[in-house]
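Same chain, two partners: chain A is paired with chain B first, then with chain C.
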Partner chain A sequence: MYSFLLHVATLSCIYALFGLALNLQAGFAGLLNFGFVAFAGVGAYASAITSSHGYPAPIGILFGVVAAMVVGFFMARLGRNLASDYWAIATLAVAELIRTVALNENWLTGGAQGISGVPALFRSASGVQNDPAFFLLALAMVAIALFACVRLSRGRFGRAIRLMREEPALATSLGYQLVPLKVKATVTSAAIASVGGSLLAHYMSFVGPDYMLASETFVIWTMVMIGGLGNNFGVVLGALLVEAIYSAVPFAKDYLNISSDIAGAVRLGTIGVVLLGCLLVRPGGLLPEKIRSAT
Partner chain B sequence: MSTMLRLQDVHKSFGGNSVLTGLNFHVRTGEIVGLLGPNGCGKSTVLNAITGYCPIDQGLIEVGGQPVNGLSSHQIAAKGVRRTFQLPSMPTRMTVREVVMAASTRSHGLFSTLCRFGATRSLEHETRERAHRLLEELLLTKVAYLPAASISGGQKKLLGIACAMMEQPALLLLDEPMAGVHPNLRSELVTTLRRINGQGITLVIIEHDMHFISETCSRCIVLDKGKTVADCLPSELETHESVVEAYLGKKSGGQYQVAGVIA
Partner chain C sequence: MLQFIVDVLIRTSDIMLVAVGLSVVYSLVKFPNIAHVQYAMLGAFGTLALNRTGLPFSLALIGACIATGVVAVLLNVLVFKRLLRSGSSIAMIGSLAISMILIAVVLGIAGSRPFRYSSGLSSPITLGSTIISVDQITSIACGFGCVALLAVLLFKTGVGRSMRAMSSNPALAAATGVDGARVVNGITFLSGALAALGGTMLGLTESVHVGLGTNLLLPVFAAAILGGLGNPLGAAAGALLISVSETLVTNLDFGWLFGTTDVYVPVTYISAASFVILLVALLFRPYGIFDREVRRV
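This part shows the complex of A and B:
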């Protein structure tokens, strides 16, 4: 039971990183990124590929961050003349493109088989992964990302991107340049997501193209929306909650005598019901964005 | 006195509709100039053209002696030009105070925000103080902590002016600042605008309210059909033949043939 809870907590931390990153773009900068999972996927693959060539893990994480930032830069530049809804579709296309490349370029990504045997970051004396140490690392990463996101969103940069989100014409009239602001928000978000992706690769010791399925993006969106779009703490709560529901379903399955076949559907169904309930009862999420009275 | 703003032979048409047809006028540094004209004569288009929101087809626009046509809005803003909007729309998820603070556009980089060096902290402090003063000056202190979208239309106009003033512009273009503002605040707005002008800021004001114009402006430029038809003192407006003509139409046989809409 302890190791199971630790597993849930670790995954929650990784998803909290994704949530924080998506929130920076979607919540504060108002950029509807439907291809968000590409950043996490790029981070995961970068870690897996570099470590399979024998480089140490920090190099892989760093490489992933740089690669994801490059993807983020091009994604944001792609959208410089697109309305937000069209940009959303374009990001979806970019993510699918990257996933398709990962699926087919066997020499680089292992194709459909993915890359297994990504080394564990910490090993206990018996040689298996040291889960508590990994959890602490993931927790520390969430703490750092949370700190950074809170500072960015409250400070001068945050005010600029929030003004851009709501009143772009007013923002330009005051001298803000919208495209660089969008690029900065997207690139920062990509860097945070990539760290999450690298952690996931090391934790699961596996990377496959399924990591970049569009449905993954929407799971992250669900977390952000349940927790509260535009609220950093809400997003972390949302990630924890959705991950908890995900993990609780197998128990409910035994309790309610649901067959294993439909357990997966029950999982998604439960998340859907929670999301729907949340949208109806608390459209701003559990912790809605604070309209800041003082900064 | 030097010229702050100069428009020379400016043409702009939207499809087959020519809005500006060879417009010429200039504004000297330190003036308060009223921009008048019947509805549809192109006043707002002039503002959009100067601030880069609507690129002109032909002609020259100079701010402080430098051509600005062809530049984008943020580049023109960087030259110290600020504007307000005729129908200002304000953020729903930011307070009035925060919107004013967001109008301080200096040093909003990622790293400076993240690291909060001493310089950023003192800039934040300065921004907060200035926002406080501007909110006070524009009578918005009471609503400072409300969502910006929730305040009245007139208050949004004042908020627009507060935002435009945040970085001490050289040239301030106001699109109907009086429309929707509570009548009791009128005289205070006149005083405020005069004080802003006293700081050396050149003002160009689009307005229909004649009393307001005569109280505030030192000179009036009247547009009709995309051209300047009069450049005179506010006191001369009522007797200026082409102004009367622009608003009431040509006089023929003792009767006006209405051409423009009386605003």
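This part shows the complex of A and C:
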């Protein structure tokens, strides 16, 4: 039981990183990124590939961050003159493209089998992964990312991207360059997500193209929407809640003795119902964004 | 060559029915409904269920189209209308939630294994070296016939005129006595029915499974966006472009690029072709190829 809770907590931390990153883009900058999972996937693959060539983990993580930032830069440049819903579909296409490449280039990514045996970051005496230490690392990463996101969103940059979200024309007239702002928001978010992806790769000791399924993006979106779009703490709460629901379903499956198809349906349906209910009843999420008063 | 044309036409009619419905609804409600591709999946399973209860295939298809249309209208009235008050991005994410719920329901009832319709194996027709089955001919005829009917409805009848008025200026249309709610409901019903038809046709030529809608998501959106969202005939042209490129990419010999022969793009990259075309098109025409609207900053 203890190790299961630790597992859920670690995954929650990793997903909280994804949530924070998506929130920076979607919540504050108002960019509908439906291909977000590409950043996490690029990070995960970069970590797995560099470590399979024998380089230490920090280099892999760093490499992942750089690769994800490049992807983010191109995504944002692509969106420089697209309407938001067109950009959403374009990012979805970019993510699917990257997934198709990962699925087919066996020499680089192991194809559909993915890369297994990604080394653990902390090893206990018996050679298996030291879960408590990994959890602490993930928690520390979330704390750092949370601190960075709060700082960013409260500062001048945060004000600028929120103004861009609400009144793009006004932001332009005040002298803000919208395209560089979008690029900065996307690239920062890509870096955070990539760190999460690298952690996921080292934690699961496996990377596969399924990490980049479009449905994964939608899971992260669900976390952000349930927690509160535009509220950093809400997003972390949302990640914890959704991950708890996700992890509880296998228990229910064993307990009620239902088939795996039904279990998958219950999982997906629960998330869908919770998301829809949240949108209808509390469009701002559980912890809505605080709008600061004019004074 | 004939085989190539047949392949293109089959793929086009599959994508077209769903993409045209998506586009025409977008022109009224102004948000891309991600759940729309799941209506196709729902329609395919509806036909399957009715067919299994003993109805002949054509009646089952009509029943499934009506049922899916009703579901689309109900979802629009009960869910999307309320979500649209909070903005189009919220409605888009809401349609994501709806599509998760629809998949979950079908997965729970029917499971994840694929099904086929028991319409009886018909002997394929041979034209020269090309083999084409009756199902495929039905699928092509249905696809192009329905889109032609839709075009007539939109551009030659009073309903179509009021719909176009609603999409270009809702306030003015309401002031001249167009019943907005009725037009929106009618078009939503029609798009749901078209999606169900498209899904069933896809199920007829391939198989019926729970991932049918999700597999359609990107080709359909690529077609609708290429045509310019809200422009139904553009979406039909987009579908044609997507399927031509998908089929062409796998049939062309790229050997001349490398000075050898028999260099083909792997079949697994078929789906990538449509995404690349979508991205390139959006780079040069940010609002789709067939967009005519004038925008001012």
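Note that the second predicted complex is superposed on the first by the 286 of 295 C-alpha atoms of A that agree within 3 Å, B and C clash if a C-alpha of one lies under 4 Å from a C-alpha of the other, contacts with A are read in each partner's own complex, and residues count from 1 in each chain.
Here is the rule we go by: a residue touches a chain if its C-beta (ideal position, glycine included) is under 8 Å from a C-beta of that chain, and two chains touch if they have at least 3 such contacts.
Source: prediction; values computed, not measured.
Asker: What does the overlay on chain A give for chain B and chain C, a clash or a fit?
Answerer: fit
Asker: Is chain A touched at more residues by chain B or by chain C?
Answerer: Answer, by number of touched residues of chain A: C.
Asker: Check the residue A:A248 against both partner chains and state whether it touches chain B (first), chain C (second), both, or neither.
Answerer: neither
Asker: Identify the partner contact of A:A169: answer first if only chain B is touched, second if only chain C is, both if each is, neither if none is.
Answerer: In the superposition, A:A169 contacts both chain B and chain C.
Asker: In the overlay, answer first, second, both or neither for which of chain B and chain C A:T188 touches.
Answerer: After superposition on chain A, A:T188 lies in contact with chain B alone.
Asker: Consider the C-alpha centres of chain B and chain C from the C-alpha centre of chain A, and write down the angle between them to the nearest 10 degrees.
Answerer: 80
Asker: Return first, second, both or neither, reflecting whether A:A140 touches chain B, chain C, both chains, or no partner chain.
Answerer: The answer is neither, since A:A140 touches no partner chain.
Asker: Let me test your reading of the model: by the given contact rule, A:L152 touches which partner, first (chain B), second (chain C), both or neither?
Answerer: Touch partner of A:L152: chain B, not chain C.
Asker: Between chain B (first) and chain C (second), which, if any, makes contact with A:N81: first, second, both or neither?
Answerer: Second partner only, chain C.
Asker: Between chain B (first) and chain C (second), which, if any, makes contact with A:E289: first, second, both or neither?
Answerer: So A:E289 only meets chain B here.
Asker: Looking at the superposed set of three chains, what is the minimum CA distance between chain B and chain C in Å?
Answerer: The answer for the closest chain B-chain C C-alpha pair is 7 Å.
Asker: Under the contact definition given at the top, report the residues of chain A touching chain B in one complex and chain C in the other.
Answerer: Of chain A, residues 169 contact chain B in one complex and chain C in the other.
Asker: In the complex of these two chains, what residues of chain A are touching chain B?
Answerer: 148, 151-152, 155-160, 162-163, 165-167, 169-178, 184, 188, 230, 289, 291-295
Asker: Taking the touch rule as given, give the residues of chain C at its contact with chain A in the complex, in rising order.
Answerer: Interface residues on the chain C side: 31-32, 79, 82-83, 86, 88-90, 92-94, 96-101, 103-105, 107-108, 111-112, 214, 217-218, 221-222, 225, 229, 266, 268-269, 271-272, 275-276, 278-279, 282-283, 286-288, 297.
Asker: Please output the residues of chain A touching chain C within their complex, sorted ascending.
Answerer: 30, 32, 78, 81-86, 88-90, 92-94, 96-97, 100-101, 103-104, 169, 214-215, 218, 221-222, 225, 259, 261-262, 264-269, 271-273, 275-276, 279-280, 283
Asker: Which stretch or stretches of chain B touch chain A in the complex?
Answerer: Residues 51, 53, 73-74, 77-78, 82-83, 85, 88-95, 97-99, 101-105, 107-110, 112-114, 116, 120, 123-124, 127, 145, 147, 160, 163-164, 166-167 of chain B touch chain A in their complex.
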